[in-house]
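There are structures below to look over.
Here chain A shows up in two complexes: once beside chain B, once beside chain C.
Right after this comes the complex of A and B.
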């Protein structure tokens, strides 16, 4: 069934969904895209952040977004510790050991999942906020407010990260360590500390992304499995390490998924996402905005 | 009392003591099962297991079965169909259990059916749907109120048709349980002359349902039949609340798994109002049988420490009833022989805390007790409200009915 109204709605809802995908993927764009760390535990940290937001919302009635902001320093420290552990046990022993680090992060993901089950049980959790469950009407179009909130926060988050990485001293240092680690070392800088700091930022961002995750839909301990393919798809399609590319790729993915869901049938949606990834990589192996 | 009487009494007591001692020395009766304790089905699996454990403790406190203690051998199947065949092979070959209970849900149960049939074992089903329809195992007894395959869809679509519905939209998750249900619903809709105007299956990884609900809305159905799994059910209802399904919808719901669980109900709160959904037990006057009240008193205490569903309406009483079924068969036949037990279960009516159960040839209940109930007057963030009657009014089946359908859906939501 086709109608222009349906197509218009699909594009708008797809853009909103895409921005949400960008917010949950942008941390991975730094850790995996820029730093080359096989961070497969990224979605598990994301879900952990959602549970943190749930706790603050449930105990202190804090707005989920504020709770997410409060969690960012905690997740920054968590990122520092995780990277140091990964570096000491794998990366320091050479590139092959680094690849074997995938096993390390899978282990971390499983531990996080089990800890969530032990602390919170296996039930779904969700948060309350005045913008959840309501919609804005624009003519015939109804837009869920929670999606608009996710859209706004995602745009702000990717914008700020992009500015940070290109305009600040530390941001440039992070980009430098990616381009020439040895050169940086010869200049007297400690590349490991810079990478550790960058990994901390990538994990800190998950505090806010976790808030968006639980705002958009209820969470349960194994939800990370749903997001692992999607987040890596966005980051690779964007071009490794490109923050702007992450936003563009996520919006393309969101719009494509929504158009397929609305007009062609939900069964095709995952196939279309990954077909797009393969198509884009065939034309531009470096990704949409990769160099 | 003379000396002879006293001596006789002492001898009798000693003999009884010896008998008890010899029984206590006998190995326990071992019941093996896998149960989802992690993964997507864990919420149900853990609650179901607690119901079974309450029965085990109850029967052991009464002396066990055939004078032997009952022991459960349980493994976590991680909600995965790929785990269960190896677990059940281990239960039979290594643990050498005496009896088998199936794991909760269709997906983990389906792959063990050929193994169980091949080994000639009796299997007590645990809320799976139509897993024996192609295997035809004659020692399968499904401990679930579904009844005949088409009863579920017939109950919901019948309510919609009675309310004046002529067109149906069907939305289902792409997994075995939901697909079994939706396939039956398509057949039932055809037989009832209902026209299907929207029929979509969504993959389990679907994160956002706004666009699907928008497309459903555009089809302008009178009846919306949804067969969804726990993570999706809540997301679908949120999207329905935000996007809307249209004023012409007379009835919405049907087969949404998850809306039976306390955590989900508490989280969704007033978003549940108006939805007509299936259930297996509800605190309505027609649902109390011998032992039901006592079971829930025990369950609500133990659920807190076990960190499982604090209400436990959906699966736990059936877990207890599954034990009652086996207890009645073993006690009546004084045997653990699989065929003997199966014959007894097939030929008798069994009184349990979820009502009287009689099995049909295919191992399903002869008569459906799948409830279709409408959420009414539900408020936000209040779990205790679901403990009282009137929050989920039973509309189907007729013999358990406690109210009439409020329609259209939009009117019922307010």
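Right after this comes the complex of A and C.
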């Protein structure tokens, strides 16, 4: 039976979920959206970060958010190395970089996935923190506190990144390199260094996003496969590289997923993001708020 | 050209004859059981390279086609008890339709967008099959093999022979494409689609043709898998591992010549068999991933490229 209450709950929960999706996609919005790197391994890095958070939480009883924050410098370095490797082997050589670049990141994603399986096994892992397992009630609606924490952190993260890209010197340099690489070179800046730094930022954000991922729900090694759909759906829908667009698109996806979940059941949910992605690519490839 | 045709068909006939003789003479079933997987991967890698190698469209949705083939066979077996050859033929038809759909995607998408769209297609089909009770849903379905037809004495041997036939068919098609204007046209559109279109290459028709052929062969290779395993479930039939394995095989072998994917499939396929038996299937995916990355970084043209750079004579002839 269709009911307005059910729909209202779905929309509210979907918006919370959507903000969380924005947090896990915002890095891809920089690396793929702005820099045009076919980062298919983004969700694999995300799951890797979750396992890092799990390890810190399990061994030292650290709060997952603090653990995620501690991981950001590590992931920043990982991003620098990854981009350098990608640049040296593909971007600089030019021809055919597309096909092999995609294959490269696909391979990296699989290596990460298997290493996680070999290290941790295929079981689901989760973290412990005082806000996990509690819920708040608003009228008839029960909202898990973990969703609210993820929501708050996600909003802060996307907001900060948006300000960083529009207000700071380095942020503007990143946008400049996207618009006119040659022009930047003529002004005496090194576009490759700026892009590398930007890729580092995009990967560093995954530390915190990974913490949110494992706060919201338990993770398993092959979780990245579902998130390929979600993250790319959000980034493409947003219009490549738009941070505000990322938030809007993620909320649309979150609401759509929860509504499908409520009406048709959980088994259809994974297809939602992929179907939306396919639809957007077919109808409006420049995204909702395309640049 | 003529002479190489004769050589090729003689080779193909000898290969099939050897397979037939082996299946009639050898008693042990295990070599056929293990070899079937390698033959299956040869078909998949060769079929993948029609679109992925010649046209430069990286299809991540190999699993969509493979799974569609498996489930076409499952459906036909359950609904009509259709014989194996009918299953394969219908699977090929379904695969070509799916290929047509993927071809439509190429109209507006290139590079990574196309690749992501093919993953999306795979997940959507997988989810649909998961929710389709008749063919078992998410839990999967058990299948009974029908009695084996003469002259074979076991079903696995017959499947092995059928898959060997598919190898010959797919290699022949790919070889024909490479030697004809179709291959040159695809090569041109890979290098620069706009320039190819401007010089009169019918890029749309060629892409459609490549998608349909590739799709039909990928699905046909999947169809016998239902009877091979006597079991099918969505998450293994549509496993992304098929996509990454096939991609790795084609790229490691090299896509400039049909022999590349064949070599890649034999090399990786047998390594995988050995690793999966001796160590674990996780390690075998790890090795696959590492080899893919190493080859993509270090040997962009695959094994063929390596051979050619070592022997200047064949390199010059191209």
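The rule is short, and it goes like this: the second predicted complex is superposed on the first by the 265 of 291 C-alpha atoms of A that agree within 3 Å, B and C clash if a C-alpha of one lies under 4 Å from a C-alpha of the other, contacts with A are read in each partner's own complex, and residues count from 1 in each chain.
Basically, a contact is a pair of C-beta atoms (placed from the backbone, for glycine too) under 8 Å apart; a residue touches a chain by one contact, two chains touch by 3 or more.
Being a predicted model, the structure only gives us computed values, none of them experimental.
Asks: Quick one: is A:117 in contact with chain B, with chain C, with both, or with neither? Answer first, second, both or neither.
Replies: It touches chain B and chain C both.
Asks: Classify the contacts of A:171 with the two partner chains as first (chain B alone), second (chain C alone), both, or neither.
Replies: Neither partner.
Asks: May I ask you to decide whether A:218 touches chain B, chain C, both, or neither, giving the answer as first, second, both or neither?
Replies: Only chain B; A:218 stays clear of chain C.
Asks: Counting residues of chain A in contact, which comes out ahead: chain B or chain C?
Replies: B
Asks: For A:10 in the superposed arrangement: first (chain B), second (chain C), both or neither?
Replies: first
Asks: After the superposition on A, what does A:263 contact: first (chain B), second (chain C), both or neither?
Replies: A:263 contacts chain B only, not chain C.
Asks: Taking the superposition as given, does A:281 touch the first partner, chain B, the second, chain C, both, or neither?
Replies: In the superposition, A:281 touches chain C alone.
Asks: If you stack the two complexes on chain A, which partner ends up touching A:229: first (chain B), second (chain C), both, or neither?
Replies: In the superposition, A:229 touches chain B and chain C alike.
Asks: Based on the A-chain superposition described above, do chain B and chain C contact any of the same residues on chain A, and if so which?
Replies: Looking at chain A, the two contact sets intersect at 113-114, 117, 229, 267, 270.
Asks: Which of the residues in chain C come into contact with chain A in the complex?
Replies: 52, 56, 58, 60, 105, 108-113, 115-117, 119-121, 123-124, 127-128, 130-131, 138, 240, 244, 247-248, 251, 282-283, 285-286, 288-290, 292-293, 296-297, 300
Asks: In their complex, what parts of chain A are in touch with chain C?
Replies: That would be residues 32, 38, 40, 85, 89, 96, 98-100, 102-104, 106-108, 110-111, 113-115, 117-118, 225, 228-229, 232, 236, 267-268, 270-271, 274-275, 277-278, 281-282, 285 of chain A.
Asks: Which positions of chain A touch chain B when the two form their complex?
Replies: Residues of chain A touching chain B: 1, 3, 5-6, 9-10, 13-14, 17, 20, 113-114, 117, 121-126, 128, 132-135, 142, 144-147, 216-218, 220-223, 226-227, 229-230, 258, 261-263, 265-267, 269-270.
Asks: Report the residues of chain B in contact with chain A in the complex, numbered from low to high.
Replies: It is residues 37-40, 42-43, 46, 174, 200-208, 210-212, 214-215, 218-219, 230-231, 234-235, 238-239, 241-244, 258, 261-264, 267, 271, 307-309, 380-381 of chain B that touch chain A.
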